[in-house]
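Pasting in a structure now, in C-alpha cells, and then I'll have a few things to ask.
First chain written, first letter: the chains are A, B, C, D, E and F, and each begins at residue 1.
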Amino acid sequence: MSQTYNHFNVTFPAPYVAHVEINRPEKLNAFYQDMWLEYAQVFNTLSHSPDVRCIILSGAGPTFTVGLDMKKGSLTFPGSDGARKAWEIKRRLTEFQDCISASEKCEKPVICVLHGFCLGLAIDMACTTDIRISSADAKLSVKEVDIGLAADIGTLSRLPKIVGSLSWVKDVTLSARIFSAEEALRVGFVSAVESDKDAAVKKALEMASLIAAKSPVAVQSTKAIVNWSVDRTVADGLAYTKAWNSAALQTGDIGEAVGATLGKRKARFEKL
Amino acid sequence: MSQTYNHFNVTFPAPYVAHVEINRPEKLNAFYQDMWLEYAQVFNTLSHSPDVRCIILSGAGPTFTVGLDMKKGSLTFPGSDGARKAWEIKRRLTEFQDCISASEKCEKPVICVLHGFCLGLAIDMACTTDIRISSADAKLSVKEVDIGLAADIGTLSRLPKIVGSLSWVKDVTLSARIFSAEEALRVGFVSAVESDKDAAVKKALEMASLIAAKSPVAVQSTKAIVNWSVDRTVADGLAYTKAWNSAALQTGDIGEAVGATLGKRKARFEKL
Amino acid sequence: MSQTYNHFNVTFPAPYVAHVEINRPEKLNAFYQDMWLEYAQVFNTLSHSPDVRCIILSGAGPTFTVGLDMKKGSLTFPGSDGARKAWEIKRRLTEFQDCISASEKCEKPVICVLHGFCLGLAIDMACTTDIRISSADAKLSVKEVDIGLAADIGTLSRLPKIVGSLSWVKDVTLSARIFSAEEALRVGFVSAVESDKDAAVKKALEMASLIAAKSPVAVQSTKAIVNWSVDRTVADGLAYTKAWNSAALQTGDIGEAVGATLGKRKARFEKL
Amino acid sequence: MSQTYNHFNVTFPAPYVAHVEINRPEKLNAFYQDMWLEYAQVFNTLSHSPDVRCIILSGAGPTFTVGLDMKKGSLTFPGSDGARKAWEIKRRLTEFQDCISASEKCEKPVICVLHGFCLGLAIDMACTTDIRISSADAKLSVKEVDIGLAADIGTLSRLPKIVGSLSWVKDVTLSARIFSAEEALRVGFVSAVESDKDAAVKKALEMASLIAAKSPVAVQSTKAIVNWSVDRTVADGLAYTKAWNSAALQTGDIGEAVGATLGKRKARFEKL
Amino acid sequence: MSQTYNHFNVTFPAPYVAHVEINRPEKLNAFYQDMWLEYAQVFNTLSHSPDVRCIILSGAGPTFTVGLDMKKGSLTFPGSDGARKAWEIKRRLTEFQDCISASEKCEKPVICVLHGFCLGLAIDMACTTDIRISSADAKLSVKEVDIGLAADIGTLSRLPKIVGSLSWVKDVTLSARIFSAEEALRVGFVSAVESDKDAAVKKALEMASLIAAKSPVAVQSTKAIVNWSVDRTVADGLAYTKAWNSAALQTGDIGEAVGATLGKRKARFEKL
Amino acid sequence: MSQTYNHFNVTFPAPYVAHVEINRPEKLNAFYQDMWLEYAQVFNTLSHSPDVRCIILSGAGPTFTVGLDMKKGSLTFPGSDGARKAWEIKRRLTEFQDCISASEKCEKPVICVLHGFCLGLAIDMACTTDIRISSADAKLSVKEVDIGLAADIGTLSRLPKIVGSLSWVKDVTLSARIFSAEEALRVGFVSAVESDKDAAVKKALEMASLIAAKSPVAVQSTKAIVNWSVDRTVADGLAYTKAWNSAALQTGDIGEAVGATLGKRKARFEKL
C-alpha cells in the first residue's frame, strides 16, 4: 500500500505507521515551490487518515535535503517599488511558511530522521516535527545567513523553544556553521543518534510502532496539548488541558488500555 | 516537632527546613482524592509558616509514587449527555490541578527527591517543585498515554519549560517509556543524581539547609520572580521585578547579610 | 583605532569587529553608576556604527567582574515612607536595567567571554549577550541572594530562557553557589569553554571574524528575529519574520553572497 | 427556600434564579474581612448548585455598598521592615482579590444591580459580574485615590476591558469623582438604567429568568468562552472555543431547544 | 464585469470596489457547508486581486442572513465514543472557523452592510469585517444559545474587542435577544445607520470608493497593523508597525499622494 | 515660574500642575525632528519633578497641531538597497516612537486638550495621554493614509484600546476623514467637550488641580497599574497590582487622606 506523489514516497511499513520520504535524490532532495505545496498536501492527508497514527519523515538517498534549489527559484521579486516588492514577498512567505507548518499542524506525531546533509530548509522542517533523531553522519546547518538572509520558514521562531541553550542557537544561526549529530544530541535538538541512516530509520520505525500501538486519543491529545503549552503560560496550558480533556476522557480507550494491561494482552483501539 | 496528616509525614530535620513525605508506602504511595486535597493543605500551611524557609518532598519507602490509585478512583463520569459529563470532568480536573499546584504556589522553595518508581502523577508533582534531584535507581515515566489519556495535572504544560529538549519531551510523553535518573540529568529534568535514596535525601537536606540560612526575603523573592518570568516576555519580567523589588529591597536583611559577610559571621534573619 | 571611555577599552582587533573591555581591573571590574551609564553609551554607539558587525565583551585583567561595587553604591534609599522609598528604587532600577539591556538591544551580535570571577551583575550582563563562551577557570555565581536581595538587573527574567534546565536555574539562583565553566557548558549557559582567558578571547575573535564576514543584513536580522521569537508564540514569530524579511530580502547581499559562493571568492557587503 | 449567611441573604425568587443580597444595611453594606470570605463562599456554592442557572447581586437597603468599612479594618501592616510589611500586604491582597473574584469564576452568569451609593469596592465587585444594570439614583465612584491608594481588588485591571473609553477610565479612577447611572450607561459600564432600585431589581429578575430558561450548557459555555476571549488573541479564543465546544456540542439540549422551538413549546433542560 | 459563484454574486460597482452578495434569498441566505467553503474562496480570490481595493458584503434580498440552515446540516456527530465525536467536531469547527475568517484575513478592507434579519452566523461574519454599517430595519441577534450552543464561529472571541461595553456583550450573547440597528450604533457594533438597505448599500459604496481612491499600500497596511495591534500589547504593536513600515514606506505612493494634494489633482496609484 | 524650551512653553498655572504648550503657532504647530526630541525631554523632566503632579498638553494658538511638517522632513531614505533603506527607516521610527511615547511613560497623568486642527501626529500624541478633552471646534483626523502611509507613531496600536468601536477605528483610519469633537465624545476618544479652546483649557486646569490635590502615590500608582492592565490579562493585572501596592500601601498618605476627610480639612501630601 502506498500513495503516489511527484516528490514524496509515502509508504506504510507497519500498522498505523506512515513513512514520508522526500524523493528528489538526484538533486539532493532540494526543494522548489511545487514540492512544498505537495509537502502540505501529504501531511494534510495523513493528518486526517484513520489508518495512520504516527509518521516518519526522511529523505530518499543519503541526504535528507540540502534546502532550497537555488536554480528553480529566485530571490528577486516583482513590484514597481519597495513596498510592492515587499507585498509580493509577504505573500510568498505566507504560502511557504504555511506549507512547511503542515507537519506541525498534522494531528499525528511526526518523527524526523536527519541524515547526510541537512541544510537550511532541512532545519526549518525538522523544527516542525515532534521527535528528531539523527544518523551519526549527519551534517546540519542553519545555512541561511550564508546566502544573505535570515531563516524565514520557521527555524528562528522555533529553534529557541526546541533546544536548551540560547547561546548555541545564536552561535549556529549567526555563523551558519555545520554541526554534527553528536552536538545536536548534546544540546537537545535531536533526542537520539544512531550509527547510520538505516539504523536511524529502523529506530524511528520502532518508536513509531510503539506510539502507534497506543490509544490514538491519548497520543494525539498529548501532541496537541504540548504544542499549545510550549507557547503559553502554565495557567493557560492547564486551562486548555481541562477543556480538551473534558471531551478526550470520554473515551473507551481508557477502559481498553486498563483492561489490556490487567489482562496482559495487546490493546486494540478504535480508529480516530 | 512534627505535624500530623493522614497521608503525609511532615518533619523538621534542620532549622527552617521542612520535610514532606508521601506516606502510603504499602500502596507505593499511590494517590486518591483525599490525598491530593491533603497535599494542598500541607503546602498551603507551610507556605505561610514563619518557621519554614525551604521544603523537601519525597516518598516514604523505596518508591516516590506510582501515581493514581486506579482502584480508589474512577475514570467514568456521571452526566446525562457528553456535555454534562464534560462539565463534571472539568470540575474534577480543576480541583485536582489546583491541589497539585499548591507546591508551585508555595512561597518557599521546594526540593523534590525522586526515587524508585516515579510514574504519572509523580512527574506532574515534580514539575511543580523548584529543584529536582534523583537517586540513581529512579525509574521515571510520563505514564498517562498507557492508560489512554493525556497527562492533565500539569506535566504537558510545565515539562516543555523545565527541560531543554522538546524532542525529548515529545519522546517521553508520547511513548510513556521509562527513563532513568541519568537520562533525566542529561536533559536537565533533574539537576543532580545521588547514588541512592538516602544519599539523595541527604543531599536535599544540605541544599535546603544552605538555602534556609539565607535571607528569606531574597530567597522567596527569587522563587516568585523566576516563576513569573518563565511564562512571560523579558520586558514583563523586568517590569515585575522592579515592582516586586521596590518593596523587597526595603529590608534589614541586606544590611545583615553584608554585615555578616564582612564580619565573617553567620547571618541571622528575622522571620517572614 | 580605538575609542576612549573612562571605564571601557574599545578596540577593533579585526575588520568590522569591536572588542569592549570592562576596564577597572584594580577593583576587579566592580561596577558603580557611572560605569553602567557608560556601558549603555558604548553599546548604543557601536549599535549604529557602520564599521562594526560583531562585538566581543570581556574584562581587563583576570576577572570579568565581581559585580556591584558595594562601597560606591548604597542599598538604602531616600523617602519619607515606604511608598516613596519604593518610588526611588523603581527609578533607579529602571535606569540600571535599561543601561545593562543596551547590549541586548544592540543591533550587532555580542559575544561574551567569561573569565575569572563572574559574580552577580556579571551574570545579568552575560544574559543580555548573544553568545557566551568561557575560560576553563571561570567561577560564576548568581550572587544576589547572598547580599539579601533577588537579582534585579535581568538574570531572573532571562536565565530561564537561556538554559535548558529550570531545576538548575533555581538551584543556582536560590543557593548563590559558585558554578564552573564546565557546568555552565553542560546546562547550555555557555556554548564553548576554552583552556584559559587568552584562548577564550582568541576563540571569540575567530567567531566574531566569521560572523563579521557575512552579510550584515542577514546577521542583524537573525539576531532581531531570534530575540523577538524567544518571548512570543511561534505564530507571532512567523508573522514578525514575514514583516521583517519583506524588507530585508530586498538586498544586494543575496546576490553578492550567492555570487561569491559560486565564484569561490570572498563576499564583500556594503555597510549597514 | 433560602440559605443562611451572616452577611448575605440568598433567596430564589424564580426557577433556577438566585438572588444574593449584601446584608449589612445598618452600615451601608460596608465590607470587612469576614464578609469577603463569606462572599466567596456564597458564590462558590451557587457556582456548583444544579438548581441555579443565573444569579442577581444587589444590596439590602437603598445603598449597594459604600466599600470598605474603615473602622473594622486597618491599613497598617505588621512587619519589622518594609519588605516584611510588603509580604503581609501581598498575602492579604491575595486573599481579598481571590474572594472577590469568586463572582467572576462562578460558572453561572451574575447580574449586578447597582443602586444608591456604589463606592470603591462596589466597583471592584461590579467589574467581576457579567451584566451590570443600574437604578437611576446610583452614585458611583472609584473612590480609592481619595483614601491614598490605588484600587487593588480589580477595578484597575478589569475596568479598561469593560468600557469603551480609556479616557473616561482614567478620568474616574484618577479623580475619584462621583458619576451617575446615566454616565455609566453612556460609556457602557452598565447596559441598562431603570427608574429606581425596585425597577432595577425587577428588570434583573426578568433578565435572569430569561437566561435561566435557556440551555445551561449553552449559557455557561458562553460565559466561560467570553471571559477567556476578553484576555487573549482572537486566534487563542477560536482555539479554546473549539476545545470547549467539542464536548459542549455533545448535549441533548440542542435537540430539546430545536424541538421546543419547532413545537412552539417551552424547552426543558436537564440539570447541570 | 462579474465573477460567477453558486451562492454569491460578486460585482464591481465602482473602480477597485467589489461587492459580494450572499445569494440564497429564497432561504433567507441561510448557510450550509458548501456556502462557507465558497465564501472562503470568494474572499481569498479578492484578497490577491490587483483590481480590488475595497469590498462590500451584503445579502441578496431583504435579509442579510438568518444564519445556519438547520435543515442542510446536522448537529449530531459520528464517533464510537465521546472523544471520537469530539475529534470530528473539532475538525468541522476548524474548517468552518477558517472559512469565515477569510474576510478577516483578506488583505483588503471589507465593509459589511447589515440589513433585515442578521442572526447567529450573521454576527460571526460581521465580526470578521472591518467596518459595519446597518440599515435602520436590521434585527440582529447572537442567536446561538437559543439552539442550545455557544457561538463558536468567532462571535464570542471577537465581539468583546469590537464594542465598548462588556456588559452589553454578555447581555446579548447570554439572552439571544434581538437588538436594533440603533442599539448596535450606540454600543459601537456598527459605526453608521442608514434609513434602509438601499441607503446603507449606497453609503457603503461611497465609503468603499473613498477608500479605494487612496494608496493601496497605505490602506492595506493600516488594516494589517490595526488587526495585529488589537490582540497585542502596545509595545508589540509599535514593534510590528516598524517592521512592516520599514518596507511599506519605500513606496512611490507617498510622492504621488503628496504631489496630488499639492497639485490639487486626483492621485493615481499603481496596482498592488 | 516656567522652563525654557525652543518649541514648548512649560508653565505652572496651579500648585503641582504643569501646562505644556506646543509652541510653533506660525506653522500651526507642525512637528519636525528637533521638536519630538524636545518633546521627550519635556516629559522626561516633568516625570521626575517632585513639584509636578498633573500635566496639561495643548497647542499655542487656535490649532493643536497639523502633524508633520512635510517641508522640514523627508520621506525618502538613504541606503544602497531596499534592506538598507529599511534599516534607516527602522532606526528613525524607533527614535520617533520613543520620543512620542514619553508622555505615556511619564509618571504623572497627562490631560490632552484637543482644539482646532488635530491631524496625523496629533492623534498619535493624544493617544499617549491619559485623559482627552476637546473644544467643540476641533477637527480631528488620522490623516496618514492621505499621504500614502499607515500611521506609525502609535495611533494604530493604541486607538483600538482607547475607544469602544473597532468599526469606527477602521472607518477613521482607513478613510482619513475629519471627525468632530462630538463624534469623538460619542465613541469615547475624548471624555469631555467644552465650547471652545479657552473653556477646554479651563476645564483641564480644574481636572488637573483636582488630581494634583490628591495623594501622588495613589494617583501615580493608578496610572501605572491601568496602563499595565490594558495590555495584559486580568490575572496578570491583579498580580502586578499586588506587587506594586505591597510597597505603595506603606505610605503616610493613607493616614493623611483619611485624617483630612474625617477632619474636613485639605490633605497635604509629601512630595514624590
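In the analysis below, a residue touches a chain if its C-beta (ideal position, glycine included) is under 8 Å from a C-beta of that chain, and two chains touch if they have at least 3 such contacts.
Just so you know, these numbers come straight off a predicted model, no measurement behind them.
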Selected pair, out of A-C, C-D or A-D, that shares over half of its residue contact pairs with B-C: A-C
Degree value of the rotation bringing chain A onto chain D, based on Cα positions, nearest 5: 180
Length of the line joining the C-alpha centres of chain C and chain F, rounded to whole Å: 34
Inter-chain centre distance, chain B versus chain F - centres from mean C-alpha coordinates, in Å: 46
Of all residues in chain A, the ones touching two or more other chains: 82, 85-87, 161, 163-165, 187-188, 217, 230, 232, 235, 243-244, 246-251, 253
Contact graph of the chains (line, ring, star, complete, other): complete
Chain C-facing residues of chain E, complex: 228, 232, 236, 239-240, 243-244, 246-247, 250
Chain D-touching residues of chain E, taken from the complex the two chains share: 70, 75, 77, 82, 85-87, 89-90, 93-94, 97, 101, 104, 144-152, 154, 156-161, 163-171, 173-177, 187-188, 230-232
Contacting residues of chain E [partner chain B, same complex]: 82, 85-86, 235
Residues of chain A touching chain E in the complex: 48, 80-87, 91, 217, 220, 247-253, 270, 272
Residues of chain A touching chain B in the complex: 109, 130-133, 161-165, 187-192, 207, 210-211, 214-215, 217-219, 221-223, 225-226, 229-230, 232-235, 237-238, 241-251, 253-258, 261, 269
